[in-house]
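Which chain is which? They are A, B, C, D and E, in the order written, and residues in each are numbered from 1.
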Amino acid sequence: MPVTSYLALGAILFCLGLYGVMTKRNAVIVLFSIELMLNAANINLVAFSKYGLYANQMGQVFGLFTITIAAAEAAVGIAILFALYQHRQTVSVDRYNTLKG
Amino acid sequence: MDYTESYVTIVVFVLLGLALPVVALTMGRLLRPYQPSAAKTITYESGVDPTGGGWVQYNVRYYLFALLFVVFDVEAVFLYPWAVAYDSLRADVGLFILVEMLIFVFFLLIGLLYAWKKKVLEWS
Amino acid sequence: MMEGLLQTLPTWIIFSPLFGVLVLLFLPRAQTAWLRGVGVAATVPPLLLAVLMAIRFDVTIATVQFQQKITWFSIPIQQGVGLDFHYHLGVDGLSLPLVVLTAIIAVLAAIASALYIRERLKGYFTVFLLLEVGMMGVFMARDLFLFFLFFEVTLVTLFFLIGIWGAVYRERAANQFLLYNGVGSALMLLGFIGLLFLFQTLDLEQLRQMSANPELGLVMEQDPIIRNLVWTVFLALVIAFGIKLPIFPFHSWMLRVHTEAPPAVVMVHSGVLLKMGAYGLIRFGVDLFPAQVVAIAPWLGLLGVINILYGAVLAFVQTDLKRVLAFSSVSHMGIILLGIAALNDIGLQGAVFQAVSHGFISALLFFFIGALYQRTRTTDIRELGGLSRSVPVLSGIFLAGGLALLGLPGMSGFIAEFQAFLGFFSPFPVLAAIGVIGLILTAVYTLRAVMQINFGPISERWASLSDLKAKEAAPMLVMLGLIMLIGVWPAVLGDPMQTTIQTIVSKIGG
Amino acid sequence: MTTWMVLGPALLMAVVLGFVTYAILFERKVLGWMQGRIGPNRVGPWGILQTVADILKLLLKEDIIPERADRTLFRIAPVIAFVPSFVVLAVIPFTDRWLFADIGVGLLYYLALSSITTIGMLAGGWASNNKYALLGSMRSAAQMISYEIPLVMSVVGVIMAAGTLNLVEIVQAQEQVWFILPQILGFAVFFVASLAELNRTPFDLPEAESELVAGYHVEYTGFRFAFFMLAEYVYVFAMAALTTVLFLGGWNPLFDLTFIPPILWFILKFLLIVFLLIWIRGTMPRMRVDQLMEMGWKVLLPLALVNIFLSAVLKEVPVIGQFY
Amino acid sequence: MERYLLDYDWTVMGPELIVLAAAALLSIVDLFLKADSDRRWLGGVGLAAIIAAGVFAAFQLGNPPYEVLADTYRVDDFGLILKLILLAGAALLFLSSLSSVRDDGIQAQGEYYYLLLAALLGGMLMTASADMITLFVGLELLSISSYILVGLRKRRMESAEAAWKYVVMGGVSSAFILYGMSFAYGLTGTTNLYEMQARLADAYGGGYELFVYLSLFLMLFGFGFKVAAAPFHMWAPDVYQGAATTVTAFLSVVSKTAAFALIFRVVFGGYYFLYQSQMEEPLSAQALLILAAASMVVGNTIALRQINLKRMLAYSSVAHAGYMLVPLATLGFLFESLIYYLIAYLFMTLGAFVVLMLVEHRTGAETLHAFAGLSRKNPLLAAAMALFMVSLAGIPITAGFIGKFYILMGAVGTDHLWLAGLMLVTTVVSYYYYFGVIRMMYFRTPLTSERFPLPIGAGIVILVSVVGTLALGFMPQWTLDWLATLDWGAALIPIQSGGG
């Protein structure tokens, strides 16, 4: 069943992305770990579109939409990072710690 | 020619394309001299001694152009299937298809207009 | 018109202070004399109406009188069926004395407030009048939802009264008040919701009918879920009202309130609000769940005795007069508990008597404290002394109040304690005997306080105090008069409540 | 997997390399003539072996990697730049029988892969550890992505007319009229954008030696540098071929002159485009970077969009609608 | 035969189209205004658009469910009510910002208005979608617009930092939701939530239980973030604190309502088969129970220590999310109590935030101490805030009490006594911090004793909120009757296709 290998790929990428978000200190890496997670889900969608229980094209259409959305989210993320950088002169997420409590 | 054949051909092209540099550079390694010296490897800055590190702070306008690129590229992603299916769709619903895409492009044009007005598109 | 007025009397009694609030809102802040006048005047209509109601009350019938019932809202469960909540008011023999008590104490407390509260009078009287609305509503509500609503009103208003106009540690007192009473309210709500699901209604009349239904006992024996639910509800309500009463060990908030709140507020609090706990215990405990009360009666009795002794012993060692009175309140509330635990009509009657009596006595004593504090700026027993020489009238009233507190025959306290212990003695003679010791202790600490303050060497500071003015003395004398009236003519209080209490007690037996 | 499948691409590569060699020579010669001089004519008769000599020279030059450069990336960058340029040739149909891969999304494949070269440029600039290289690569990347959009949008009209992304079918749809006529606006935009994508004058700011010290390939020596140049010229081949396929009718004959074989038609049109590119290089001055960027976004993109909707609208017009 | 948009009745999409058109119009107009001209009339246009959309939506109430656009856009009573709540919240926010947005420190006023409209549009889309794709698109539209709105005051460090945290957390949660959706798609081959019902049941029976649960739990993970339920609430305090107060109000009310729509559509639209079978307590209900309980406990206890009022309100909204999850978990009075509480929550939270906004503008601080002595500076404002706090705490004669009572009845009625008890306990705990604000206002003396004026827009909003809170508390009957007339069950079943 070829679908399990795609699912495994998706799962690995997803977990890698999650790991990146949680542990990396560089903000840019955090952002593209999020992208990695979204793309892992995309792989899943496309794989299911071909090999799922009821294979049809909706998966690819869905994938198309989510690519768009992921792009928009990344763009906004970087813009916010720029604003943060103006204030803090660093991309290390440890230094973004004024809000506490 | 059928589906898999085409893609196999493409793979062959890729391999060939990779092979050329490898072959050429290997040949070159055999043929060319190798005499490293300190002066040769320092960074080139029009002949004067280099100052500062090898990096420079990016200006935000690069990001803005990249952002605009992403937005319009994604728009192109949506335009292509629409264009391919245009004729057959037109037979079913007429000009409505055009209006739909017009609305879509209109919203993206608002974005372009925004960038235009906020002087993002100028390389100052 | 008279008939219409009579029919809607409870509503008028409850909401008439709002006229005063309305007037107060439009008075400018600076006109303190007007504010005081309006504040006091606004408490008079409820008093008059309450007296009218008392006169028109038929002591011979046991049903609820002056009933008003309007459907308020209904939560639909299925097509056409819904849970109904009503605006249902009414008075019976149990609530009538408390309503009158509230009305009288409200007026007297208003006078005390006018005399002794110095700042932000507009806000004070507004909140005070709202408190009166809440208290009246609590005693006259016949629908549990409405009861809860008015109960919460008293909670919120009292929070403000303690926290803004209190003494040094007022905020802590207000917080503690809120916390304990909040828990109590939550438990009460839980109990009410449980009742709602058991009986599909929160209307008191329907609840009384359903809980008196012997089928309920059968169902409870068979179905453990229902039995658990009933017991849970019952215990929740007992604890909730126990916090209010207060029963040891839930009493610490009350001590704080007594010491930190302004004396005028304590008059109301100690005089009326604590009695809400008693009212709740009787109305929702004994009236709705007689079988369960019978089951826990020994415990209630024990707790009552503990209250009495604990309060008395600790009152003895206090140095601040306010705390003495606070512990004494704990002690006297224990007597109410005894009366309830007795489960016979004498005991129950004694409990209600004690509620009313202690209300007046407590109000009197705290009025006294208000007057005292205004003059001496301290309530520490060790510092005060020999007041009988500088302010004879004031100290005389204090002496009289103290005597009433310890239950001197001829005063209402004696009647109340006598009945309560008499009733309690039959089922629990041993506990009763122990409880009597408490009475002796009461005398001890009371007399100690009185002696210390009134007699003894006078210090310089108190040599030139001004004595009571007429406007201060008059209310105190009125209270004293009422105390003595009940003391020598108990029927004035006993008759109205008799039939109601008999109805309640008959359920216990049956 | 027939041998033809491997031999064909190899043959194509040889052809392309030959083309590159002589295109460079051709260009230098033509530029020279346009500028009133002769151009290279020393090495070999009429300068024919000039490029060969250049290539040999580059091959024999010492390979210097700057001291703190990222060595792996430094080595890979030219490869990343070159490989897509060759791989895109796979889909181009030279005639209806001489083609390599006939995939349904040929046009999309071409446009998608050609973007990868940008990454190679960026990698090269970054790996050089030279701030001017970095700046140069950023600028050229910005230029390339800015013009990619009009490029991509301008062919949408063609797609609408042909109803497919398959390059063979697009050529077949031009049997009556080449798309350059109905899609004249699209062609104009496409051509200008392709000039920018090829980094040719007037858009050759990234390569201009006098600007930013030769841009992103300043630290590259020897054959590595050659690969960047090779990539550029292979792209010229590919882009000219694509223009021919999309707008000039591919191998379709003009005026029914079918006695000329289709491949020859293709080559003729192809050479025309190449000449046009060289001509423009000789004639026009270089654009400033801000004019460049502004033109891409403010002029070309709106024009491309207008073209799309114009095509859609003109489809409705009774007579000429069939050509749209 | 494909059905195209023109075959349907366009006006069902009226609300969304109006808001969309308004957003587009505002963005274009804003570009052509001069930089320093007063942009408040843009807000007025936006407000008018919202009201028009609300009128449209209200007219559609009572019709049977209707789906357009290849069954992706669905109009049923439940969705319409939620849409109306969203519109009401946004309208009130617009009204309050008309007078005060400049004081908030938001330099980019035009963007603020149309971004708010865009986010509102995303939320509306979420309430009206029957398909996972539109649900996700709506969710992302709302989220991304919110990210930008939070970071709009880019001169302030906290806003940028809050926006950053929001982006990261929001991105991760969206990824989880998408991942879960991909599995759901894989099992059923369709992205339509109502078609999924039957097919998921088949998959469940066919041995793919694990995947069904996996997809559901992945999605619940993401939903937990979006609705700010514990233990996924970490972003809420920071984001609420860093954003401008009107944006915080928007997040707290509109975002949350839309997130509840999301949960409902997926769990009860797509995974409804879990409830239809005779299982006693499906895992989804248990998971929601845990979420609810955790949120109540965490929200109320951590709020006790907060001094910054926005953080306190953030934790309080976590707790309220917990209360609102209870009907979803216990299924007692599911629709009525949830909607009732959402409406009550809208009024009291919006009112509280608007008052907070006013106080913040005058005193420059958002801590508790800024409220000191408010009763002397502006007694009406203090009274209103006291009412909102009391309502949030759940004391009678307020909407908050009736709402909680309703939910409690549902919980007790479905035999979740421990949950009801927990809810009561945490409510009592919450008294402390809600009354803390009241303490500040009434018991303390103010630093300065100047009275401060009430701007008109904010004043109207506070008035409406006060009236709403009291009306829902005093006379719940009208609302209850109205809610009973709506057809709730229609939101759970697919539409019988085959008609024209």
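Basically, a contact is a pair of C-beta atoms (placed from the backbone, for glycine too) under 8 Å apart; a residue touches a chain by one contact, two chains touch by 3 or more.
Chains and their UniProt names: A = NADH-quinone oxidoreductase subunit K; B = NADH-quinone oxidoreductase subunit A; C = NADH-quinone oxidoreductase subunit M; D = NADH-quinone oxidoreductase subunit H; E = NADH-quinone oxidoreductase subunit N.
Computed from a prediction, not measured in an experiment: that's the story for all the values here.
Once subunit E is excluded, the chains joined through touch sort into A, B, D | C. Annotation of subunit B and subunit C: jointly contacted by E, touch as defined at the top. Here the chain-to-chain distance from subunit C to subunit D, counted in touching steps, is 3.
The two chains most heavily joined by C-beta contacts are B-D. Of all chains, the one whose Cα centroid sits at the greatest distance from that of subunit D is C.
Averaged C-alpha coordinates put the centre of subunit B at 13 Å from the centre of subunit D.
Rounded to whole angstrom, the centroid-to-centroid distance between subunit D and subunit E, based on C-alpha atoms, equals 53 Å. Per-chain Cα centroids separate subunit C from subunit E by 44 Å.
Note on chain placement: the centre of subunit B and the centre of subunit E lie 40 Å apart, centres being C-alpha means.
For subunit A, the set of residues that touch two or more other chains comprises 72, 79.
If you sketch which chains touch which, the pattern fits none of the simple shapes: not an open path, not a single ring, not a star, and not all-to-all. Every pair of chains meeting the contact definition is listed here: A-B, A-E, B-D, B-E, C-E. The touching residues of subunit B, counted against subunit A in their complex, run 60, 63, 67, 70-71, 74, 77-78. Across the complex, subunit B meets subunit E through its residues 92-93, 96, 100, 106-107, 110, 113-114, 117.
Subunit A contributes residues 64, 67-68, 71-72, 74-75, 78-79, 82 to its touches with subunit B in the complex. Partner subunit E is touched in their complex by these residues of subunit C: 72-76, 83, 123, 148-149, 152-153, 155-156, 159-160, 163-164, 170-171, 174-175, 178-179, 182-183, 185-187, 189-190, 193-194, 196-197, 232. Partner subunit E is touched in their complex by these residues of subunit A: 3, 10, 14, 17-18, 21, 27, 30-31, 34, 37-38, 40-42, 44-45, 47-48, 52-56, 58-59, 61-62, 65-66, 69, 72-73, 76-77, 79-81, 83-84, 86-88, 93, 96-99, 101.
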